[in-house]
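Structures follow.
The same chain A turns up in both complexes below, where it pairs with chain B and then with chain C.
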Partner chain A sequence: MLEFCLHVLIMSAIFGIAAVSLNLQAGTGGLLNFGQIALFGIGAYAVAILTRAGLPWPAALLAGMGAAALGGFAIGRLGRDLAAEYWALATLAVAELVRLVALNEDWLTGGPQGIGGIAGLFPGLDGMSRALATLALAALLLLGTALAARRLGQTQFGRVLRLMRENPDLATALGHDIVACKVKVLAIGGAMAGLAGGLYTLYLAFIGPDQLLPFETFLIWTMVVLGGLGNVAGAVVGALLVTALYAGIPFLKDVVALPSDLTGSLRVFAIGSIVLAVLMLKPQGLVPERLRRFHAQRP
Partner chain B sequence: MIQILIDTLIRTSDLALIALGLNLSYGVSRFPNVAHVEMAPLGAAVALAVAALFPGGGLVGAAIAGALAAGLAAMLLHRFAFERLAGAGPASALIGSLAIAMMLRAGLQAVFGTRPQQFDTPLTPPHDLWGAILSDLQIAAIAITAVCLIGFFAMLRLTPLGRSIRAIAANPALATASGIDARRVTLVTVFLGGTLAGIGGILLALVTQLDIGMGQMLLLPVFAAAIVGGLGSLPGAVIGAFAIALAETLVMRIDFGLLAADGPRYLPLGYLTGIGFALIVVTLVYRPEGLLSRGGRRA
Partner chain C sequence: MLSAHDVTRSFGGLTAVNHVSLEIGPREIVGLVGPNGSGKTTLLNLLSGFLAPTSGEIRFDGTAVRARRAWQPSRLGLRRTFQLPKLPARMSVLEVMLAGGRLPAGASPWRSLLTPGAVRREEAAFIGKAMGLLAEVDLAGLADHPAGGLSGGQQKLLGLAAALMDDPAVLLLDEPTAGVNPSLRRRMADHLRRIREGGTALVIVEHDMGFIGDLCDRCLALDKGAVIANCRPDELSGNQQVVEAYLGRRRPGVPLRVVAGGAVAGTVDIKTSGARA
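Right after this comes the complex of A and B.
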């Protein structure tokens, strides 16, 4: 039981980083990135490939963040003059293309089997102490990411991002370069998502194309929507709740007799209904965005 | 050569009705409804259930019941979910429609099971048409698609309802001012869109089999067809479906080895599904308004 709780906490911290990243893009910047899992996946695969090649994990993690930042940069350049919903569909398609490459380029990504047997974190420790050390590292990185995201939201850049979300035309009229802002926030968000992906690979010692399904993006969206778009703390709360729920539902079958193939459907159904319920009943989420009363500090 | 044409037509008939329904709904509700493609497996599953319950009712009766059920489901979803979500902006509606798509898919899986099922149709020997292979069912599917398309466009051009639909799609405010009940016409239009998707799903299930997860497989090709043709454009949806079908058929048959002159080299089959995604990206980057539509670019 304790091990299970530790596992849920570690996964919450990892997905919390991905949720903070999406919150920065979608909540603050209003960019509907439905390809978040691609950025996560680029980081995950980069770490898997590089550690397999013998690189120590901190270096691989940094390289994974860099690769995912480049990915974010590319997605930002791609749809630079698209309206929001069109861009969202384009990111969904890009994410599927990334997954197809992972599925088909066996020489690089191991194909459908993925890459397993990765050395992982803290090979010197074992059992509980290893899980605790992993949790400490993941929580520390989540804290760092969250603080960075919050700090970014308080700067002039964050203010321009909010303006871009509310009224892109006005932002342009005020002389802000929207394309540059979009690309920049996606590159930063990409680096964060890549960090989450890399940690995920290191923790599970495995990454495969099935981890990059569009549903995973939707899971991260659920965390952000539930927690409240535009608020860093909300993204963390949402990640914890959704991860716990998602990991806990299979245990329902111990309480009520349920056929095991039903629990899979039930999980998806529960996630979908959470999003729908939040959007219909409490669109601002559990931790609503608090608009600042202060002037932004100029960098 | 003939085989390429036949394959393209078969794939077009898979996509055209569903893409047409998508664009029809988009025209009046103004957000890309991801849940729309789930009307295809819904219609097919209901048709299959009706056919099993009333074996004497015949396939046509079951198909009509399935198509109407899909239309009804689309209308109810619009009335009780999307009307409210769309009020909060296209972003909420888009995320909400993703949530509803997940819930529908999970619900269908829970009710109808995940095993692929087939309609009870007589086995007939395939025809040889100038060297191309074609089955009775495929001919029927292409013919029914053509009849539905002609009937639909005739309705749109010639009846008062068609005129109201076009008016609302073109200018909702002006249409309302001219005495059209926008809400009612929108609901009827969404019903028609769902019915078209239901027919498309039933035909797909007839020719191959009913896979409850078909919505996931259809999502990006159908959106690719709708976007390539122009989101919201009705003739565009059909042309887009044909373009996607042609691209998929051609790319798989082109021998890329001829370009490099080092033996036959085809695109790996695993990338087949990626063609639709790639076309979405290419279209959105170079001609986001699609072949036949306006809008899509930011300001």
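Right after this comes the complex of A and C.
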């Protein structure tokens, strides 16, 4: 049971990073990135390939972040003139493209079998202490990511992103190059998503194309929408909730004797119901975005 | 400062702005008048770089204004406001003001994370400036309220105040007084005069002839996309073409009678104060 809880917490922290990243792009910047899993996947595969080539994991993780940042930069440049809805569809297509490359380029990605046997984190430790160390690392990285995202949302950078989200013409009229802002936030969000993907690979010692299905993007979206678009704490809460549900429901079969194929559908059903309930009862999410006030700084 | 050379803009078959040339000097206040659909807002969009002209060229301070980089004129000191500001519901009034300022440390993601001191100093300076400008338009008390929750008139005032955060050399205003109450409108005229004294030239699209006459050094009247008059505001009512553009052509032999307030007035008066001419 304790091992299971640790597993849920580690996965929550990893997906929390991906959710904080999406929240910065979509919540603050209003960019409907439906290809978030591609950025996650680029980081995950980069780490797998580089550690297999003998790079130590911290270096591989940094390189994975860099690769995913480039990916974010690319989708920002690619769709710079598209209207928001069309750009959202384009990101979905890019994510499928990345998955298909991972599925078919066997020489690099291992094809449908993916890349396994990756030297994971903390090889010197075993069992419980290894899980605890992994959790500490993932939590620390989540904290760092969340603080960075919060900081970026509060300064002029985030202010311009929020103005761009609500009225791009006004942002332009006030002298802000919104294409440059989009590209920057996607590169930053990409680096964060790449970090999450790299950690995922290192923790599970495996990455395969099935981890890059569009459904995974919607899972990350669910976390952000449940928690509250535009609020960093909301993204973390949402990630914990969705991961716990998603990982926990399969264990129901041990408790109430359900067939295992039913539990698989049941978890999707449970998450869908919760999203619906939150959207109807608390449309701003569990931890809604707040206005930034300046009382203390008033001259 | 700001000039247009033979600028034309067509939308399909419709020529919204037709071979317009103009020149705005430093510290000038120029009114842009004309009936609905005469091309005023299109001209403003062209001047500010929000639209590319079909032909012709616009220059600001020696630099060509290009629509591919619509954000650039604003940084060089040519700013505009909108007829409908549509301010964000999830940003406070003060935050919209700060977004109008130039805060290079806070605007850079790296410096936001690595030099919090510089970001804080910069923000404190601009908060002071923003509160001063908000006080001018009676919005200082609402600094922490959502900008999108303000009334239409207040949103216009906030849009104007945010544009002033970077001390523009030329400010293009699209119907600044529509929806603003009369007493605030008078104060706004004083405010705009003070802005001019501070060194800013103003181009004002406006239907309120009283406001225009009170404030402007010069008026450009547009009709069907072309400039039909370039004169002092008090000369507008004597200009046959302008009167016809607003009120329609007089049929030969039929004396023109304008009914105002139930009485039959004998003269043509285009002071259509408050009305949407």
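Here is the rule we use: the second predicted complex is superposed on the first by the 292 of 299 C-alpha atoms of A that agree within 3 Å, B and C clash if a C-alpha of one lies under 4 Å from a C-alpha of the other, contacts with A are read in each partner's own complex, and residues count from 1 in each chain.
Simple rule for what comes next: contacts are C-beta pairs under 8 Å (C-beta built on N, C-alpha and C of every residue); 3 or more make two chains touch, one makes a residue touch a chain.
As the structure is a computational prediction, the values presented were derived from the model and not from experiment.
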Overlay on chain A: chain C relative to chain B, clash or fit: fit
Partner chain in contact with A:L32 - chain B first, chain C second, else both or neither: first
Touching partner for A:A44 - first (chain B), second (chain C), both, neither: neither
Which superposed partner A:L202 touches (first chain B, second chain C, both, neither): neither
Broader residue contact with chain A after superposition on the shared chain, chain B or chain C: B
Touching partner for A:V242 - first (chain B), second (chain C), both, neither: neither
Vertex chain A, arms to chain B and chain C (CA centres, degrees, nearest 10): 80
First, second, both or neither for A:A191, with chain B first and chain C second: neither
First (chain B), second (chain C), both or neither touched by A:A13: neither
Chain B versus chain C as contact partner of A:D169, first or second or both or neither: both
Chain B versus chain C as contact partner of A:E96, first or second or both or neither: first
Distance in angstrom between the closest Cα atoms of chain C and chain B, superposition on A: 10
Chain B/chain C common contact set on chain A: 169, 172
Footprint of chain B on chain A - complex, ascending: 30, 32, 34, 78-79, 81-90, 92-94, 96-97, 100, 103-104, 168-169, 172, 214-215, 218, 221, 225, 261-262, 264-269, 271-273, 275-276, 279-280, 283
Touch list for chain B against partner chain A, complex: 31-32, 81, 84-85, 88, 90-92, 94-96, 98-103, 105-107, 109-110, 113-114, 216, 220, 223-224, 227, 231, 268, 270-271, 273-274, 276-278, 280-281, 284-285, 288, 295-299
Interface residues, chain C side, partner chain A - complex: 48, 50, 69-72, 74-75, 79-82, 85-92, 94-96, 98-103, 105-109, 112-113, 116, 119, 123-124, 127-128, 131, 143-144, 146, 148, 159, 162-163, 165-166
Chain A - residues contacting chain C, complex: 148, 151-152, 155-157, 159-160, 162-163, 165-167, 169-178, 184, 188, 230, 289, 291-295, 297-299
